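Got a structure here, written out as structure tokens. Questions coming.
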Amino acid sequence: MLLYTLRRLLLAVLVAFTVSIISFGLLRLSGDLAAAIAGPEATEAQIEAIRVDFGLDQPLVMQYVDWLLGALRFDFGNSFYFRDSVVSLVADRLPVTLTLGALAIMFALIVSIPLGVLAAVKQNTWIDRSALTIAVSGQAMPSFWFALILILVFAVNLRWLPVSGSGTWAHFILPAVALGYYATPAIMRLTRTGMLDVLASDYIRTARAKGVRPGKVLFKHALRNAVIPVVALAVVQFGFILSGSIVIETIFSLQGLGLLMWESIGRRDFPVVQAVLLLIAMMYVALAFIADLLNAWLDPRIRVA
Amino acid sequence: MNKLLHLTLLSAGAFAFASVNTAPSALAGPDNDTLVWASDSEPENVSPYHNNLRERVVLARHVWDTLIYRDPDTGEYRGLIATDWEWVDDTTLEVNIREGLTFHNGDPLTAEDIEFTFNYVVDPDSGVVTRQNTDWIGSAEAVDDYTVRIHLDEPFPAAIEYLAGPTPIYPKAYFEEVGLDGFSREPIGSGPYKITEVRPGQHVRMELFEDYFEDSPRAEATIGTLIFRYIPDGETRLAELMTGSVEWLWRVPADQADQLEAVPDVAVTSGETMRVAYLRMDAAGRTGDDNPFTKLEVRRAVNHAIDRQAIVDSLIRGGARVINSACFPEQFGCEQDVMVYDYDPDKARALLEEAGYADGIETNIYAYREREYTEAVIGYLREVGITANLQFMQYAALRDLARAGEVPIDNQTWGSFSINDVSAITTTFFNLSGDDFAQDEQVAEWLQMGDTRTDPAEREEYYSKALQRIAEQAYWVPLYSYSTNYAHIEELDFQPYPDEVPRFYAASWK
Amino acid sequence: MSTVERHDSPFRRMKAAAVEDYIAPSPWTMLRRRVFGNAGLVVGGTIFALIVLMALAAPLIAPHDPYAQSLANRLVPPIWHADGTWIHPLGTDGLGRDYLSRLIYGSRISLIIGLATALVSGFIGATLGICAGYFGGRVDMVISYIITTRLAMPVVLVALAVVAIVGTSLQLIILVLGLLLWDQFAVVTRSATMQVRAQEFVTAAEALGCSRLRLLCSEILPNVMNPLIVVMTLEMANAILLEAALSFLGLGVQPPLPSWGLMVAEAKPHMFFMAWIIMLPGAALFALVLSIYLVGDGIRDVTAPENRN
């Protein structure tokens, strides 16, 4: 297990390193940074001074090392647009996105685990097929469109829930539903497959033979085992959900990282774009690492692979 | 394993919820004496000299006082910080200051603050982005505690108008202590509202300034708290108004305004504003010498291609009208007797052929506001063979690209900072600066003359020449004046003015 | 055809024997039965075929030029509305363009994006996956690392950032999505190749001195084709949704192209009072993507029924 963990960790670090190079490259591709920092009315001399000041006259590798050292200390420089450091902007928005992501994944689990169990128990019946259709619809529905419909129905027509902002729990319900629905089919399928495997396994048959009530078999024994890989998958899905939040946050004017990213793109504020990109990628790397360990811990066969 | 699941989810939820911000929306409305107004753009810096968004003008009018106040009903100039003023000569204005004024932090407001403000904003290193509003100032000098002299390099008869608008006064001591960064985080002014919270990307909270002086010519402010909320999405703003989380909106598209009339508890008012829309074309060839817009025929073809009347009648409505001159028709010096380009797609096609573009033109078109209006323009251009691909971005990004000479054609709008004088628009965009797509020295010279002569008739004459040449050379496509639709809750007593500055200090609950 | 097969090779005989073992009805009959017995595949296939037909015949069936704007005829309601007319069966948009025609032409954009992206990403992914699976060892390690890195890049955010820097066009969107969506192809072909490789007929072919390239093309590729097609449908659907989302955010296909995602964005200002105007393009997207998913699921069930659960 230790060896496996170390190997996975090495891979995660390597990937993180590569991603940081890509993010760095993206900012450099965006144009002359010195001119961007200096602003539109700067003279050549001022731009040149900034170039030297910010070390932009150094070789690219040196610039990268400088930038990386800064990034490791959470120093991503200053926003071109706001007179504020990138990290304080990001820190301000991070809790909103994490809350949204956590709620979205919770919603996905609440919907897809019962659907998956139901589908497995009623395998190959119309219930099985309907459950799958409900889940797949979530994936096929454009999330921005689903979000607009939710606003139209639940916020404007029924007035059950607020439209935008992040003041209370209620503000997060619609965005979390819109975002979480997309993740349901993957989780639902995995639950169903896991349940079918477990239900067919010897010890469940034994439990049944011993006369344990069917409900107890299902929930106490079968689900408990089937849910293991689902947790690992949910962790990875959480990473995907974070990157999907850009669309949802924009629609609900939720002041999270996604909205910050979208606006920064509109403002050509590339240091912020880069920082958000890097942060979300890093979160994904970390989550994938955790998921790997979870899977390996739960299923010893993986450790040797 | 259930435990594991619970643990994972609970910890994820817990750390995420620990620090969610509380937005102000829940506490809005007349019951809490809080007016939430929402808009689509967010100033990059709350300091009024360091952004040129309309929202800035609105914030500035509430938080900072200017020397002079122009009564929006009568157009009469009255002293605000000033008590009176006098031209010592053509280039020296002496202003007497009211005694006993204080800034929000309790510091007294004296002539030194005015001297500091004006000398700071004309300093090339101050990072000011609204230079056109202060370029006319040479320097300021405090004669004594309550007298200040403003020295001009050249005569500038529109000075009083500028002193009554985009020239708020800063507190010298505080600004020097905290610097621009500190100031933009915790700004201090001397206006009827003080800023109590600035959250970039979210909101600016303002509260009534209790020590605001009593005999101010402004209406007495009554609403306790103002919150400017930044909500980028138009439909979200609308939904917030309909569901009662926001009390006041503007720039509601005509279609929705019509429909909103039927919504109970919502009032809609509309009117023409000083803002005009126009296309700028890269006549100077800054994006490349082979740029088709360097050809007069192409620019004229673009002018003929667009059915501006149809855009006004169908899309904008509510008091908007077609303009033909590069300014707002009621501004001083806005010559109306200029060349007019009728909607004539055949002529446009013929002109394009004449210019050697029989096969059409493909270009990027830049825009930052009301996408639908720009798309209508794109539709008309397409009819005559000009394929314009839309590049939509935020204002500051477009401004910087345009100043860097990278924009072949854009759909711009300008509200002249609500200044009733063509120097606030035509000169701004034809002064050979980065904002000037024409780079026409003759036009710039005439405008310069117009700006600096003291005889109004002479000024009009120069502006007329410049505007006629601008139209004749088809540097712009003047499109239309804007109408703005305001939507607010019925309980708010709100009076709109054509200068596009909502005066919340004059608003009250019914 | 390879020389090996012409000479009735041992592994060919082996394959044939394996098949003959359980054939009672002819394999075609079996396949037909399985295809038509699969409701999802039939429904999805029909919707998908209809949309493809609509895209191909767009100039013939669209009642109007999808770009012709007429500001005097803005926001005409659809036919089921009291004020609807047959001139514009689905009404017009905010610039007076015929909505039905724009929807019909919009299917072309979605399909082009979906197919082209799946081809680009399929080529990249399959190449990487086959190399990793066939060569194993170091090659496999490097490619696995590339796949993991790619997975760590949030697709929507990277696509947005690239588009913001480079500018937007249909081709660029295809290229960007193609360069981002290859991971599943690589994962699936890698493991399929590993399985095939372990089988005797490949070892035998190698023993007979087949060149590696020829072997990859003639033996492994046909064997990984089925899972590849399934992944292709998934990625097509994915690409279509991503393009729609990018266009909706204003950083995808640019106006006046009638991309369905863009149409939702353009219709958004009218959504509170004319709900149909956002419903139609969104529903079109939903139908197309759902049909592709159903076809993908169906193909998997039909070609590999043993993997179904």
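For reference, chains read A, B and C in written order, and residue numbers begin at 1 within each chain.
Everything below uses one rule, namely that contacts are C-beta pairs under 8 Å (C-beta built on N, C-alpha and C of every residue); 3 or more make two chains touch, one makes a residue touch a chain.
The structure presented is a predicted model; accordingly, all values stated were derived computationally and were not measured.
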| item | value |
| --- | --- |
| Labels of chains that are neighbours to chain A and to chain B | C |
| Of B-C and A-C, whichever chain pair has more C-beta contact pairs | A-C |
| Most centrally placed chain - per-chain CA mean versus overall CA mean | A |
| Distance from chain B to chain A - Cα centre to Cα centre, in angstrom | 38 |
| Chain centre separation (chain B, chain C; CA means) in Å | 47 |
| Centroid distance [mean C-alpha coordinates] between chain C and chain A, Å | 23 |
| For chain B, residues that touch 2 or more chains besides their own | 235, 239, 242, 392 |
| Residues within chain C bordering two or more other chains | 268, 271-272 |
| In chain A, residues with contacts to at least two other chains | 148, 156, 250, 268 |
| Interface residues, chain C side, partner chain A - complex | 39-40, 145, 148-149, 151-158, 160-162, 164-166, 237, 241, 244-245, 248-249, 251, 261, 264, 268, 271-272, 275, 278, 282, 285-286, 289-290, 293-294, 297, 309 |
| Contact footprint of chain A on chain B as seen in their complex | 1-2, 4-5, 8-9, 12-13, 15-26, 44-45, 127, 129, 131, 180-181, 184-185, 199-202, 231-233, 235-236, 239-240, 242-243, 245, 392-394, 396-397, 399-401, 403-404, 434 |
| Contact footprint of chain B on chain A as seen in their complex | 35-36, 39-41, 81-84, 89, 92-93, 95-96, 98-99, 101-103, 105-106, 109, 148, 151, 155-156, 159, 162-168, 171, 224-225, 227-228, 231, 234-235, 238, 250-253, 255, 259-260, 263, 266-268, 298 |
| Of all residues in chain B, those that touch chain C in their complex | 234-235, 238-239, 242, 253, 255-256, 259, 307, 310-311, 313-315, 364, 371-372, 375-376, 378-380, 382, 389-392 |
| Chain B-facing residues of chain C, complex | 67, 69, 71-72, 74-75, 94-97, 167-169, 250, 254-256, 266, 268-273 |
